[in-house]
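Next, two complexes with chain A in common: one pairs it with chain B, the other with chain C.
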Partner chain A sequence: MQPKAEMVHWMFATGFLFLGLCLFAEALVGQEVWRRRRWRAYLWPGLAFGMGVLMWPVMTFFTNSAIHMLAHSAWAQVMMLAGAAELGRVRGKLKSDLWLLTVPLALVVSGTAFLVHEQNPWFFQRSAFLHHLIGWTVLGASVFPLVRAFRTRSVVANSGFALTFVVLAIFLYCDRDLAPIFGHLSPVAGAPHR
Partner chain B sequence: MRRLVVVAAALAALALPAPAFAHATLDHTSPGFRQRLERTPTQVRLEFDQGVKVFRNSIEVLDANGKLYSGAARSAGPAKQVVTAPVRRLPKGFYTVRWHAMSADGHVVAGVYTFGVRHAAPPPTESYGASGPTRTEHVVRWAYFVALALLLGGLAFRLLIVRGPLPRRAERRFYALTGIGAVGVLEVGIVAFLLRAEDALQLPFGQLLYGDLSPIAGGTRFGTAFIAMTLGFALVSAFLYLAWLTERTILLWPALLLGLGFASGLSLSGHSAADAGSSGLSELADWLHLSAATIWIGGLVQLSAVVWPTAPELRRTAFLRFSRLATVLVAVLVAAGVYLSILRLPHVHDLWSEGYGRVLLVKLGLVCVALAWGGLHKLVAVPAVERGDGRILARLPRSLAGESAVAMAVLLAAAVLVDSKPPPRPVSPASAQPPAARVP
Partner chain C sequence: MNAELAHQLEAKRAERTWRVRVVWALGPTTSLGGVVWALVQPYRITLLHPHGQGFWWLFSEPPLWVVLVGLVFGLLIAPGLIEDLEDAERSR
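Here is the complex of A and B:
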């Protein structure tokens, strides 16, 4: 009854793509224009929070190693935290600007979890390569929300933050061993598996 | 040049951590997890997703007494990703498979599972060599109960006792306490699951990280409860957060109802569900016992930590209402507790002759202290509060904090009790012999 692993990756990739496009649109037109419709302010943080909630089933149903379970729980929690903090700020319930730091924190934790949970080296197989790539990309991209926390109008920081999610979505769409490219580079990788 | 060195160092740092991880994952086993076989298998076969290095004792098949039935393990398959071990003829019974192999990077992956030959296989937590709950597990279970009390008791208190709008400070403190409870239930639940897995797999923490937990998550009542409760309490957290964000108290109702519903996972996976003599009634009694205790203790905490310091105008109403609710809760708690005690300890002397009974005695002693304290509040404090006696009102917060502390101690005794094994029920002569049709 469980969906295949690649489908779960694609579902989350779609979520990240939508999230990234929303953020990119906001970066292009500016916050004032984007928030002319009040609900738009809730769009990306609400989506992040919802994706965090949806990550819990992934955590509980894929338990073939403890480190996978812990990584998925870390992603679930930081996505919920980052979304919740931003929703709280938009709603006016959280006043301190320090809450802006939850997003870079979420990216640092997520990137570290990607690197630690991947059990194989870069060129072992495609999923291993992409996990390392995603891990380092997300870790590096945590600079964008950090800058954004102090310079909220910075086009570079806002665009970089938005494009991080677009890139993450593309990586996640590629992140399974079904296609022949990059697949099973190591001779000990065994038969194709999900 | 210097910049080039920095870039090269950064690239090296990116590449270096990778070779540190190259662990194999178990894809398939024969016999399967908890499989019941009608004939003895000739070998145990494990298939990994990549090649592994095999040792002589990579697969050990042990009976319930620890007797070894397997021979030297060897690798097979084109990439050496299959490990097999021959098995001697196995008599009727259940068997534990303990396996370990070395991944390409030199790290060891390991796991445990059970199967039965003309016999049902127990969950891996009851495999040969699995250790019983440790002191750490007692503390973790206690922390789980405390978190559950903060969450469910807090929600029930807000919805049933202080129904109207709260002063801003009180509202903030209410959400802070219930929020800590919600996060605590999730986090402590994960730690409890990992500790139980550690017991079953008998691995140091470093190796446990790469241990296969799927036989425990999917093949035990505890694992199923962990999955259901984690998902349920993630939803409860979301409802709690949305109630805070939108300032709609009505959203706390689904949080409370879902929370109470998913708390039944403990009752459906514990002694009341798994031990001999358990039934639907024992599961219901266990759930009522747990729900009443968490609502009572969580309510006490809310009264002493939220209403008393931050909402003086609500003290009188909240105290009187809570006192009425607590009477009902304590009645349910005691009735369900007495029924469960009789069910698990059929003889009175079990109370002092069995370890489970002795822990129960400690718990009963603490419950008596808490009940006496509650009775004192009911008989002395309630009339004084009704007539507005300032002297009693001034002393009440300390007294409530004391009662809460005793209640927390009751939870600790409950945590040890849940982890203890009740004595086996006496077997009637009719059921001592299995029916003839089942004898091979």
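Here is the complex of A and C:
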């Protein structure tokens, strides 16, 4: 009754795609216009926090290895932290802009976790390739929220941050549990399913 | 009346219109991406060949989810945002 890992990746991809669209729209129109309707201000931090909460069942039920559990729980914690910090800022409970640093922290921890918990080399099979690719992409993209923390109105930083989630969604949609990557599939990986 | 000033105002107006257009286009473009994906990889839509498939395979339809994300953004987020953007531009 449990969904396959690739299906969970596609579900999170859908959440990240919506998150990316919202952040990109906010970058285009500016924070002032985006927050004209109160509920919109809570949209992306609420979504990030909610996706962090949903990472806990992933950690609980997808127990391939201890390192998988550690990686999933690290993502859950940093996503919840980043979402909660932004919710606190929107609500006015948290005043300091330094709370924005929780977002690059979340990306650095997530990127590192992706790289650390993938034990196979790049061309072992598609999911291994995507884990490496996503890990390095997320690590590199942490520059955008880092700049955004100090220059909150930077269009480049805000757009780059938003598009990071769109790219992440595309990578996650490409994920299959067992499939070749550019014609490479390790003979020890197993037989691909549908 | 300074003609240069009027020209600058017109340029600013054009830029604003461009922003509105991009926000409006985000939802349909995303949905179109999902449709194109479905056409290129129809086997990713299990509903087209549902016999013998379990719940999760029937539920997991990534190209349709992309279409759905575009629809939700285009119908629920974009109209209000465009309204607020145009309102903000008018009051500037």
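Heads up, the rule we're going with is that the second predicted complex is superposed on the first by the 184 of 194 C-alpha atoms of A that agree within 3 Å, B and C clash if a C-alpha of one lies under 4 Å from a C-alpha of the other, contacts with A are read in each partner's own complex, and residues count from 1 in each chain.
What we mean here is this: a residue touches a chain if its C-beta (ideal position, glycine included) is under 8 Å from a C-beta of that chain, and two chains touch if they have at least 3 such contacts.
No experiment lies behind these values; they were computed from the predicted model shown.
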item	value
Touched partner set for A:C22, first chain B, second chain C, both or neither	second
Partner chain(s) touched by A:E32 [first = chain B, second = chain C, both, neither]	second
Partner chain(s) touched by A:H132 [first = chain B, second = chain C, both, neither]	first
Comparing the two partners chain B and chain C, which touches a greater set of residues in chain A	B
Partner chain in contact with A:E86 - chain B first, chain C second, else both or neither	neither
First (chain B), second (chain C), both or neither touched by A:A66	first
Chain B versus chain C as contact partner of A:V53, first or second or both or neither	first
Chain A partner contacts - residues on chain C that touch it in the complex	19, 22-23, 26-27, 30, 43, 55-56, 59-60, 62, 65-66, 68-69, 72-73, 77-78, 80-81, 84-85, 87-88
Chain A residues touching chain C - in the complex, by the definition given at the top	1, 3-4, 7, 10-11, 13-14, 17-18, 21-22, 24-25, 28-29, 32-34, 36-37, 40, 43, 173, 194
Contact set on chain A toward chain B in their complex	49, 53, 56-57, 59-61, 63-67, 69-70, 73, 76-77, 80, 84, 87-88, 91, 93, 115-116, 118-122, 124, 128, 132, 136, 186-190, 193
Chain B residues touching chain A - in the complex, by the definition given at the top	14-15, 17-19, 21-23, 25-27, 48-51, 79-81, 103-105, 186, 190, 194, 197, 208-214, 216-218, 226-227, 230-231, 234-235, 237-238, 241, 244-246
